[in-house]
Structures are given as structure tokens and as C-alpha cells.
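Please find one structure pasted underneath; my questions will follow.
Chain lettering (A, B, C and D) follows the sequence in which the chains are written, and residue indices restart at 1 in each chain.
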Amino acid sequence: MSDKKFPLTGYTLPLTPEGKSSLVEPPPWYYGGEVTQVLFRTDAARATELIPAPLEIGPDPGQGIVWFVEWVSVSESNPDLAFINPERAIYRECLVMIQCSFQGEPGYIVPYIWVDNDFTLMRGFVQGWPKKMARIYLTKFSELNPKIGGKRVGAKMKGICEAHGERIVEGSLVFTRRAEPSDLPSLKFYLMRHFPNIEDASKPAVHEIVISEVSDVRVADIWAGEAELKFFESAFEEVAALAPTEMLGGFSHNMGLTITGGRVIHSYR
Amino acid sequence: MSDKKFPLTGYTLPLTPEGKSSLVEPPPWYYGGEVTQVLFRTDAARATELIPAPLEIGPDPGQGIVWFVEWVSVSESNPDLAFINPERAIYRECLVMIQCSFQGEPGYIVPYIWVDNDFTLMRGFVQGWPKKMARIYLTKFSELNPKIGGKRVGAKMKGICEAHGERIVEGSLVFTRRAEPSDLPSLKFYLMRHFPNIEDASKPAVHEIVISEVSDVRVADIWAGEAELKFFESAFEEVAALAPTEMLGGFSHNMGLTITGGRVIHSYR
Amino acid sequence: MSDKKFPLTGYTLPLTPEGKSSLVEPPPWYYGGEVTQVLFRTDAARATELIPAPLEIGPDPGQGIVWFVEWVSVSESNPDLAFINPERAIYRECLVMIQCSFQGEPGYIVPYIWVDNDFTLMRGFVQGWPKKMARIYLTKFSELNPKIGGKRVGAKMKGICEAHGERIVEGSLVFTRRAEPSDLPSLKFYLMRHFPNIEDASKPAVHEIVISEVSDVRVADIWAGEAELKFFESAFEEVAALAPTEMLGGFSHNMGLTITGGRVIHSYR
Amino acid sequence: MSDKKFPLTGYTLPLTPEGKSSLVEPPPWYYGGEVTQVLFRTDAARATELIPAPLEIGPDPGQGIVWFVEWVSVSESNPDLAFINPERAIYRECLVMIQCSFQGEPGYIVPYIWVDNDFTLMRGFVQGWPKKMARIYLTKFSELNPKIGGKRVGAKMKGICEAHGERIVEGSLVFTRRAEPSDLPSLKFYLMRHFPNIEDASKPAVHEIVISEVSDVRVADIWAGEAELKFFESAFEEVAALAPTEMLGGFSHNMGLTITGGRVIHSYR
């Protein structure tokens, strides 16, 4: 809080005398994840509906990516969190991104994303990731399990995302070869921050496009493969409108990064 | 969205072409709940630390209430929700309130509140309820269960709130008599809305005190009783600072109400 | 334990010095539930496949019932359990039964049943209910919720059962009239107890047909209605083979009962 | 089923025409896990209470081990399970073992064990592991997370086990050095299979001591460290009676193994 007289502290609610109750700790946030990426193309018209001005259609209209990730994350203010209580440091995620561009620079919007822990839900809203809660299941390899084994050509990976009793997304990857960092799609995120006004439900209090400030990106143990992807109909989701028309392969890799915040590039208010 | 040119819709993120993906539906919101209230007094100094100006200490410094509730809620825009998918309409809640006043009018702040479903977590942040996720367990009576029976003098009720592997709150009530609506504490909520700025973590984008706009309040089947309450130490919560110094009884009742939004009475920005 | 020299006690594992760790408490078990029944007819050949001798096809081949229930249960040895910790006393259930008969007496087998708590899973295996874990969502009515209201003609009820990220069963009921206890189907359960041998996976250690010993059955607040039912395909379930060919209405009611144990009517060993 | 005339199949309930509904698949079962072991000594008298004849006190009375594990497991009959649906192949476990011996051969009983998935709960009961459901949280390392990093001297690991709203076990390890397979405690399990009779609750239908048949044991990436351990009081657990009186260090390692079944060494019936 900038106001020195305000007696409570916290990056988000709850604001308290000590600030340790805050649902989200302040940035920088540090991430390490096991990522499965599935690349696809969908109907360009349906993808375009999701891209509001001043964002524009990207160079490859209808191109998208789904990520399934198991993340472990901590913050600058509590770097020991993964030890203090692992429950507050681990979450699983299913993320749908659609290519767009801004002033000629290609990137991705994220129309849909599901996670399985509350702190990351709110940390997402603060950054402009439109998170909802789900249960997310990811294949785990095991070098020493006599029937499963480790990552290798032919290894198979699946991600499943279920929410409110409905299967929402299912993606899979069959490993075909080791790959290089340069094989991975380049990512830049154009995120939408939005928070309602409480006096007038038709007007947001916050509504802006943000570029996520990401640094320290490192990748390792990269595999390329053949991918499949299904989006399912739901009473509470619209992702099925992005049904894949073409699969573009996929990748499995480890990843680390730091998010220090974001930079507002457009406000709708 | 007030801007007619903006192509996406939703009360909260995700904003989409149809608006059905939005994590929260717009108000009015309609609630029905089975409420257990536990009244207590805590150290006035610790309670006062939680009350930021322009709110002031109330007429009974250190007085507080804990609610355990199972709610069923729907919105104006989706009144059939409890049938379409009950998972999106039911949640359990543990709410801690501390007496304060504003311009001479007594009411309650809500420093801590836990719920067990994502839509209500975000709906809480929009209104100024500082919600976090927990698992909440509540005694259920049963007229026809041969050993449990229904509400009656001597019936016992317990609420338990657990988060991140820690028991946080435990409250209980032993029914002593039927009670009247006029026996229940009068409630007015002074809530704090807060949403971070993404460019500068030290400055909020939204920070204001709101009076919740509540109508259609009805109560029924009211019982009074003797209460107990425990707050537990936690690495991620500060509620233990509000340890009860005196118990003031409690109530169990059904309740219905409508929340139409809120009115901002102070902005800290 | 009958052997007085055996130093550990418990109705099930874990067996311990005090016996309080046991996953299941010994019978009698006392139940109170809010039950939604959906009656249907399926292909008689598929139903018959599920009925092993000495059980026989019943008088109405292919007739079945699905129950969705929220139960509260305690045992003779711990009648205060619903107060001590409600988590150990409440569970939700989705139960599929198929008509059969034994020596001319009609009843039901239970080929599939899902619950959401561990103690009832094991208590089911002990009695011959073939329980698996699921998440089960049930419409909750609310007299005081301004948009939901209580049970009444036209009220709508839904039950959803999801397991391992798949929707498994969905049933619904639209209330058309109040009904009498005599309108409800008469129930007698022929259950199959089965527990593997550990030295030879092809031979069970326990395999027998049991009549559940149920007493103190009481019902109240009975409504009849029009029903719908869907079973979904799954990689881990076979219930979809019982797809309804005809709906036979349904009921919603409260219910209480006591289970004191079971009587073995046939052993397969 | 050995009886060719019995028309249903399955290793456990539910028994069905295809056998794919069975909660547990038949052995052999293949495991791969990330194991944290914490070695301790407790009061020998309390440990001894848990050791029923013909098992005897081991050479180091009161010595015990707690394991926290994330397992991935599949069976011979469904080796692709980790891909088909990861939810059916992954679980977390907290296991308490106490040294004993049988006919002069030292080994361990397992008085308490918690897991977080239904298939392994029942697979445990079949083998004699007295499993109950819990939520289990384990530190996850991350080479690429800028603040967490991988396994190394000084790395810290924690396991937390919570059930029915109570923290039950908490163990931690600070890595001090790499270690060899020969440093790890040698394990032989004496397990108790037990399944109640339904006609007489005082007599079990199955009650026997089993030696688990384990093969293909491999370990890798072994670290030794300094350990801490806490058992907490609970209304439903007795593990607090085994409070550590001395810590004996611990290990973190990967592990693979096959369980083909068990051999009965004593029957109590």
C-alpha cells in the first residue's frame, strides 16, 4: 500500500496487520514447470471473434496452442514456500492461446485457462489470465517403473481438464524426437485485465490490455511429437467453438521463468 | 460492457463472444442458506488493528461473529442454475466479522472469509469479501436418521474450516431454545474492495470501502444456543490473533436474501 | 475380534490398540438421506448379463432404478459423530439398481454405485455395495432463496455423477405431485460381497450373495415427477450398457433407516 | 473368477460382464515413485502394542520409518493406463512403518497409511495396507525455477498429510549428501489382511499376516539428510502415540518395483 497511514497490508485481499494472509504474494513470481504444448489450427473466424481491437489478427489466423503444465512457483517475498507448505506452491494448469498481433508484433491472447489452486486463480486475474478452477490430470513418466519408463521416442503423454463435472479439454502427445529450444514457438502474451465496478455492473473498474513481463526463460529436456486435441461442449464454457481443424504437432519440455509484472498497452476505460 | 464496440462480454473474466464463460454472473444474486452464527468477544486492541479509517471502532469494541453457512445461490441472468448444474450453485462458507462503525452507524468488517467454490471466490473479491478457498464441514441434521434427529433443544452443531492442510476455525453450538428474528444480531457490512495495479505492486488499481446492498432478507427456523469457538495458528492466516476472550452464544437459522451490488462510501486512491 | 488374545481392535483396517483408527465403525449403522429416485427400463438382455445365478431375472426384466442421495450416517458405537466431525458423517451417492429375484422373491442387484467419502467406500465393500469414488452434485432447494424456492409442483432436481474426469450419470426430476409412501417402489437388496485372495488372483477369499438387513425404514416429504436419465461412455465404467429405453418417472423424498448387517444366502466358494 | 460358470468378472467389485469397471486391476502391479523416507525411534512400549503375535519385537525396538511418496502405477492388464487417464495411475501416500520380526527375520508392520485415490485404497486393503484417504502435499523441486532449484546439499523437502480437516503427519528433510543404495534401510513388509464377516461383526472373514511379494526393486538419485517428524492428535487417528523420541535421519530417492501378490504366513481364523 502506498498510503503510509493505511494500517493493513497485503498484495491482494485479505489486507491484514501482518500481510501474511494475502491470497497472493507480490511479484516477482518464480515458476518452474513441466509443460506439454499442443499446436493446432482452428476456424479463423471463430478465433478472430476472440481478438478485440486494438489487438489484431496475427500472421497465421486461427493458429493456437494448448498448454498442460504442472507448475511449482514461489515469490520474492516467500522464497521458501515450496518447503513451508507445498500446497501453496504447486498447481496444474490447462491454458488455451490464440495467435494475434499488436502494432505488427505477433503474440497470443489467452481466452481460456483453468487451474487447480486458489492463489493462482487470483494471481491470474491480477495479471489478466482469465482463470477458472478445474481438475487437471497429466501423465507422469517414471524411469524406474518397470512398465512406464521415462521420456523417449514413442512415449505418450496426456492432459485432461475437467470442471463442474464436465470434461473440457483433452490433449495428447506421442514423442517422436528430441528437439531444440529454437523449435519451440516464440511466445509473447497480450493479456486482458478486467475487474468489475460494484455500483454499475455494466462498467468495469479495470479494463486494459497488458504485456506480461517475463524474464529468465529457460527450457530443457525438449521433445517433439504428434499431437491430438479435443475441446468438449459445456454449459459453462465456450472453448468448443475453437475445435481444431488441423493439428500442428506438439512439444514436451521443462521450463523456468520469472514474471515481474506487466505493462499496460491499452485501457478500454 | 458499456463500450458497444467491444466484441466480448462477461461480468468478469473470461470475456467471450457469448458471455457464458464468465466466472461470475452479474448481479442481482439470490441466496438461500443454512446459517450457524457464533458470537464472541476478542481483545479490543487486536480487533481495532483490523479497522482502517474512515471506519471506526464500534459501540462494543472487540465484538465479533463467525458464520458457518451452506449457501445455494443463483443470479438474475441464470435463475435455473441450481438445476442446470448444482455444482455451480452450492458452496460452503466460514466468515469472520468484527464490529466497527462508519459515521456513527455500527456495522461489521469482514477481515477473513473462506469458501469452497471458485465462482464465489471471485464474486467475493468483486464485492469486497476477502475470500480464500478452504474445505468447510457442517453438521447436517436428519429427522429420519434414528440416531441424529432434527433440530431440537440439545441438538449439537459443528462447523470446521480447513485450508492448506491446517485446521483454521472450529465453531459449535448446542441448541437451547427457539428464537425470534429480533433476537438475531443486526447486520450491516462495510466491505473493502481491492485489486492490484499490475505496473506498480505498491499501488492498488481499486481500493475502496463499500456498503453491500442487501434486500429481501428473510429468516426462519431460528434456534439460540450456547457456543464455542476456536481459531488455530497457521503459516498463512492471522485469524488466531482474534482468539475469543468471551463467548456470547449463537444461533442457527435459515436465511434468504438478494444482493444487488454495493455503494462506495470511501476510496483510498 | 473374537480372539481375546489378539491385541488390536477395529471393525476394519487399521486394527489398533484403541480401535478408533478403523476406517469403518461396526454396525448397526443409522442413515438419514435426501433421496431422488429415477425409474427406468433398459434392454432386458443387457440387464440380465448382470444377474448371476442363483439370482434370476425378476418379474419386470430390464427394470431399474437410479438413486442420487445425500446421506448423513452414524454408527451405534459413535452416535455423536455428526457433531464431532461432520466430514466423517456425510456423503453423497449415485446408485444403480437392476431388478432380479431370488427363489421367487423380487429384489434388486446393485451393479454400480459411486460415493464421495472413504469410510462409506469400505463400508460398502463390507456389505456388498460395489462402491467407487466420484464427485456427486445434487440440486438443493431453498424456501428462502428468492429465485429457487422449496419443493413444489414444477420444482426441478438434478443429480450429476463424475469420476476420473468423466461425466458418468446424470438424472433429473420435475415434480408433478405429492405422493404417498405406498407409491414408492418396494426395495430388497441382493448384494454381492467379494474380496480377493492374495496368493491367487483368480480365486476370491470371499464371494457370496447377501441380503442386506435393513430396519426402521421411514420416508417423508414424498414427491412424484417426470424423470430423465443419461449414462455416459467411459474408459473405466460399463454403466452405459444400461442406456434407458423407457423412463418410468421418479420420486424425491427423505428417508431414514438402520442397517444391522447382512445374511448370506449363497456362497460361490 | 475361477468358476467358469460365473458370468461376471473383475479382480474386485464391481464385477461386470467386461471386467473393466473393477476398482482394482489384478496384479502384477508396477510402481515408480519419488520417495522421502524419515527414520525415527519412538517409545518401544507404544510400538510394541502394535505388533501382534506371531510377529515379534524386532532387533531395534521402537524403530520406525515414515514414507511420503508420489507414485505412478499401472498393472499388467492395463500397462497404458498412465496415458489413457493419468488420474487412474497417480497417487500420493504417507506410510508409517514400525520394525518387527517374524521367526527371526526383521521387517516392518504398517500400522497406518494414507493415500489420495480410491483404487489404491482398495488395492491396499487387498494386500494388507490399512489405507485411509487423505490429502498429501509434497515439496517439488525444479531445476529451472529461479528460486527453487533441483536436489542439492541444503535442499529442503516437506511432506504433509491431512485428513478429515486435521493435520495428521508432517515430515521434513534437509539434504546433506548424496547416498548409495546400500545406505537405505532394507525393507520387508509383514502386512495384515482383514475383511469383516457380515453376519457377525465380531468375526472377520479374512484375517491373516502376509509377506508382500516385491520384485524389480530399483533406486536412483539418492540423497541423505537431517529429518524432522511430527504426528498430531486426532479424533480419528492413533498415530500420535508414536511420537518420535529420536530422529535418525532420512533419505530422498526415486524407486521402482513390482508387486506380484503376497504369501500368507499366518491366519488368525
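Rule of thumb we're sticking to: a residue touches a chain if its C-beta (ideal position, glycine included) is under 8 Å from a C-beta of that chain, and two chains touch if they have at least 3 such contacts.
Note that the structure is predicted; figures quoted are calculated from it, not measured.
Chains touching both chain B and chain C: A, D. Of all residue numbers used at the contact between chain A and chain B, over half are used by both chains, marking a mostly same-residue interface.
For the copy pair chain A and chain D, the superposing rotation over Cα atoms measures out at 180 degrees to the nearest 5.
Averaged C-alpha coordinates put the centre of chain A at 34 Å from the centre of chain D.
Per-chain CA centroids place chain A at a distance of 30 Å from chain B. Averaged Cα coordinates give chain B a centre that lies 40 Å from the centre of chain D.
Residue numbers of chain B whose C-beta contacts span two or more other chains: 84-85, 87, 135, 137, 160, 164-165. A complete topology is adopted by the chain contact network, contact being made between every pair of chains.
Listed in rising order, the residues of chain C touching chain D in the complex are 1-3, 5-8, 10-18, 20-21, 23-24, 26-27, 49-50, 52-53, 84-85, 87-88, 111-113, 117-118, 121-122, 125-128, 130-133, 164-165, 192-196, 198-207, 210, 235-239, 241, 261-264, 268.
Partner chain A is touched in their complex by these residues of chain C: 135, 137, 160-162, 164-167. Residues 30-33, 70, 72-74, 76, 79-80, 82-87, 89-90, 135, 137-148, 156-160, 172, 216, 218-220, 254-258 of chain A are the ones touching chain D in the complex.
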